[in-house]
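You will see subunit A twice below: alongside subunit B first, and alongside subunit C after that.
Coming up: the complex of A and B.
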């Protein structure tokens, strides 16, 4: 008998169940994903959209509940599938984040997709697939699983970006995102191959053990770090690898833009923290230098370019570039304070950024998205609630107290200073002051008197999204302790308590 | 350690030398009488009637993509089939789940008209 046939297969049922429970949230959502596809196939055409939307929301809610249950009852942490995945608090934190984001996205896009006459069921199924990819990224503890999640998330989003098939802008966005995203994936893969060559394993905790400080002189390892860092920077849309962001954000349909602006960023940061902070702690000086450069460039380029924009989507795209820079400070600082600041910021960024996009989404008409400054004119009279909430989101993104944006930045910057990156924090503070200009500029047409009196209608689910985002943007700032504590618990598997 | 590669190096050199010698010899010694039919691209002995750079229907792309996806997934059946007895019931059920997911995908493609040519 050949060696292959005599291999000892000791994968027992109890082991299989234990492994499956580690990825319970992902498995739950995958089940609902398959169910949604079947629902889309068997129901008559006019009932598909609503039924799939309901399936999607139920799936996200179940995944959220599963992750929350495992968090509360502390069953997470063991490594599953021979070290390829885990359900530790870090993974659970991101599963909760992405499931919430999924619910928000479906609730927001339901009326939008109807208004624009797009295929609704496929839309929600794509969003589910992307969320599954993001969750896989959160729980991945092997470079192979990381890449799997990255591709699952990216491929679903390439299609979602080009979802408006009649609009050339949307097609352009999809093509650009596909080409640049494929390029970035190749970078990540080359980097992973070199790290694998140096460590002899793809399992991230094993890499951390095998690549100690003596490997820091190895040029191939350094090259691997640089290549992965470039790919990661593409995915979080950090400068100087941000060129695709404004075009893709502008071309993609608005709910997709809202979803990816938060989701890809959070997922990519989960990936960076897992691979760099978790897998290469002994080579920290190398990737910290790289990320510090990227963070500084992002903050300068993002904030300065945002000033010149006339499209709200592009403005928020550049704002996203700048925000990626701020969050990178927390990753560079590392430790429990740095990483928990990153998790806190990603969690609250979801509400303030998604909320801002949600307001613009509701302005859209059947013919397309309306994202000029003039489209916001007189919003204070056309829909006062939306005007107030838009102000909350903008001021929060700018970092005014007592909003979540202020505390998020406070935690990030404190961690940066105590880790010795004062120059980076000084730059960040200066650039935050610059950012106030363009965030407030968005509010000028909202609050100035205007002749426009047409109402801005909002469906009940969209109103729910707006209210939840708005209340969370203030409440989690007034009372930041809970989420910060969750962030600390979530960061523990990587940073140690 | 590097010495063990010496035979390989010799082999490579012999291959390159032999190839070079054969090509050079046939170029120098062989008769050269080119005419139009002889310079045409060779395609199984059939005379070409149109340029090779022409537009193909995009449907080939979809068909090829679907073929590759299911082909790659079918490859997973081979190692599973070899180890089926050692994997016991667990392996059978696991493969059932895998095939179930594939079936959903196939049903989706079928129902959405991905398999129709026109």
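Coming up: the complex of A and C.
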């Protein structure tokens, strides 16, 4: 009696409304998404871009408000659409995160897209589509919906990566991402099929009930876990499946890179937590071993490779590989403390990493992205505010207190040691020392005296992005309690209180 | 609230000063530092000796989920370092040349570093301690890098930061380990001191904490960042850098490593390894100081030697040794600041830091020579000046622990006159090396040194004034 085959003849209007309210934020954003397409069709050409951007921001704001409202006043997450989706706190947490990210992305890319003469409205619509995919991933409780969200997100991003049609590197990035992403999706799908074969259902809570510890003797289930794990590792860009990351990050237009580096990672972690922690709790030793290996490799490879980079985008790509390794420690540790640490880290990672990319985005000229170390030269004179904020982002990524990067690591590592993964934490700490070297290296051209005096202009909206990211990177560290509490509430549906 | 003011005031001042025109920066910086010193002095005067527990305690829940508290407090150990830090910050900012480029940024960074140090000495929650410990690295790094002297200050700064971080990030594992392995899930230092995990876990945790503190102090063989960093540091920064920040490592040993891990025994017994390293530092630092021609490096290595005495005293596990260590922390802070100042002034006038390139300067700067001899004698431990009592007590404590430690440690006392007097004689006495114009110490510089020299005499003649207040302790596990 798999729910896939159940035919429900008593589906009523009130049931439909209840189901819809569970995915209210996704539905809201989808509505705005369709509206944006219409706006793009009917408005005269010169007004389309701005109007679509406004629609996108409004849509994200409404989705954010919807999710926040449901968080505060909602009746909690009931299972909707026969167990295919839910609106529990875990989903709401990620909806809030992705809606915020969407606003930041549109605000940052607005002037960038104009400066480089890209198609404006299509760009924002793609971002909206990707955010919808991410939100679906957050609220998916069935392997089918998980895959649906994953594909929606990925396809939108394949196009966005190759958005600069005149630039061969952008095209290369898109092609590479498409191929590797396709592989990853195939891996995930194959793994899901095997799990379905073993459990007889695709609904994740049902899987958790049907697969107990004795299933670890079933080679097909184990193979399914491994295949899904490999696919997920591709998506969070964890080593040894990270090869695509630097090339794609480098080739994609900067706002897309910024968006991807935070959004895809957070969405993929939502997926990992849902499927592994939520769906396969009795098989934890198996996937924990797999993820521990992936985490260790990511931290070592990401941090060591980042040292040798001369492109800021590639440096941040490898830094992202390493950060994925740190976050995986929280997933492996599990429980409320581990998962809340993961959610906290993903939320604050949005600000520090997006902020760092935002600074580099603003350096871009009409001819292309400028992401050499030398492009940062003399930033302290050219735009002092940006220099200070860049230092905040780098020091935060390096994990200096009192920034969010430190507290994120503190929570992740505490969970790791409590769960008995001291060796992994020690490795993470040692690799953090290495990471300081390259993060600080970025600051050298920023603060070294230089003859360059050309100003770095920043539009109002980009300045807003920078300030918000910078202030959040420090304030959420000095006062981490609230976000951590939200993380705990968000983790509750998976981990139990 | 009082203690919060002591660290928050310099930090807020730092934020303000960074944005004001450079010509007001120095004086506003002095005002802020003086205000912090006044508060610290107020705390010191109303401090109650003999009280068990932290005084002026503050405790506010900070991250309730992990039972992290914002806890501050002072006791007989930390009080002196808080006052020393506030005092030396005033001296350091006063010593800043008004012609420094970006003076406002320099003063701002100095105040930020001082705020971090004050926090380290007052924090009584392990996470808060760690936050201050790491945060103070940021201003220190920028100070060394942007305002550093020499050809490659950026390299020295990076070396310093990476060395320190290698230790302190591992300490983070120790902090978390204390939370997890004591079974009580608390970061409160006073509570943790009463809960000792099993010796093998103590051994592991002690190792990571001790590594962090040993690098910071620095203890032999973890001192190789020090010559580069001290050579690159501008003189005003050196006053807080050498005078106070080095003490943070020794303070960590005394505040955390000793009371929290009474029996750190595993593959070897740390209680014997650390004092042996301390003795090695005493002798190695002294020998290296003898070998230096660069005056700044000579003083830097002498600092390694003197810090060895402090650690030796701490690991004597008895009252004399630990009181001597605290006393010596204060003494060394005063002496090393005075030495670095004098050395910098002399090399400014002579145009070189190479001590073998100058001679017979006493005739041209008689007053400077007079002050210099007092500081030199204090540094080598002449009775009646401050260093004597402290070093004597540490050696006495070490003798009670194991006479061999004291015997080998005393070699440092023998070597100190060799390098200090050679430095003084070489620079000041003998036939003049060249036609140097008469350029004695300025009256302003003399006034700046006056409080340091007066303190050398006061503490030297009446060390009891300080040690009697050190009887107040906030933690179990310390020798009293």
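Quick note on the criterion: the second predicted complex is superposed on the first by the 488 of 497 C-alpha atoms of A that agree within 3 Å, B and C clash if a C-alpha of one lies under 4 Å from a C-alpha of the other, contacts with A are read in each partner's own complex, and residues count from 1 in each chain.
Simple rule for what comes next: a contact is a pair of C-beta atoms (placed from the backbone, for glycine too) under 8 Å apart; a residue touches a chain by one contact, two chains touch by 3 or more.
What you see is a predicted model; the values in this text were computed from it and never measured.
Of the two partner chains placed by the overlay, only subunit B lies in contact with A:38; subunit C stays clear of it.
Once the two complexes are overlaid on the shared chain, A:16 sits against subunit B while remaining clear of subunit C. Once the two complexes are overlaid on the shared chain, A:121 sits clear of subunit B and of subunit C alike.
Within the superposed three-chain model, A:444 lies in touch with subunit C and out of touch with subunit B [touch as defined at top]. By the touch criterion defined above, A:481 reaches subunit C but does not reach subunit B. Applying the stated contact rule after C-alpha superposition, one finds that A:261 touches neither subunit B nor subunit C. The larger set of touched subunit A residues comes from C, when the choice is between subunit B and subunit C. When the two complexes are overlaid on their common chain A, residue A:111 makes contact with neither subunit B nor subunit C. Looking at the shared chain after the overlay, A:66 reaches neither subunit B nor subunit C. Of the two partner chains, subunit C is the only one that A:436 touches; subunit B does not reach it. Common to the subunit B and subunit C contact sets on subunit A is no residue at all.
Interface residues of subunit A, counted against subunit C in their complex, comprise 337, 340, 395, 399-402, 406-407, 409-411, 413-414, 417-418, 422, 425-426, 429-430, 432-433, 436-437, 440, 444, 447-448, 480-481, 484-485, 488.
The residues of subunit B lying in touch with subunit A in their complex are 82-83, 86-87, 90, 100-101, 104-105, 107-108, 111. Interface residues of subunit A, counted against subunit B in their complex, comprise 4-5, 7, 9, 11, 13, 16, 34, 37-38, 40-41.
Subunit C makes touch with subunit A in their complex at residues 62-66, 127, 130-132, 134-135, 137-138, 141-142, 145-146, 154, 158, 161-162, 165-166, 169-170, 172-173, 176-177, 179-180.
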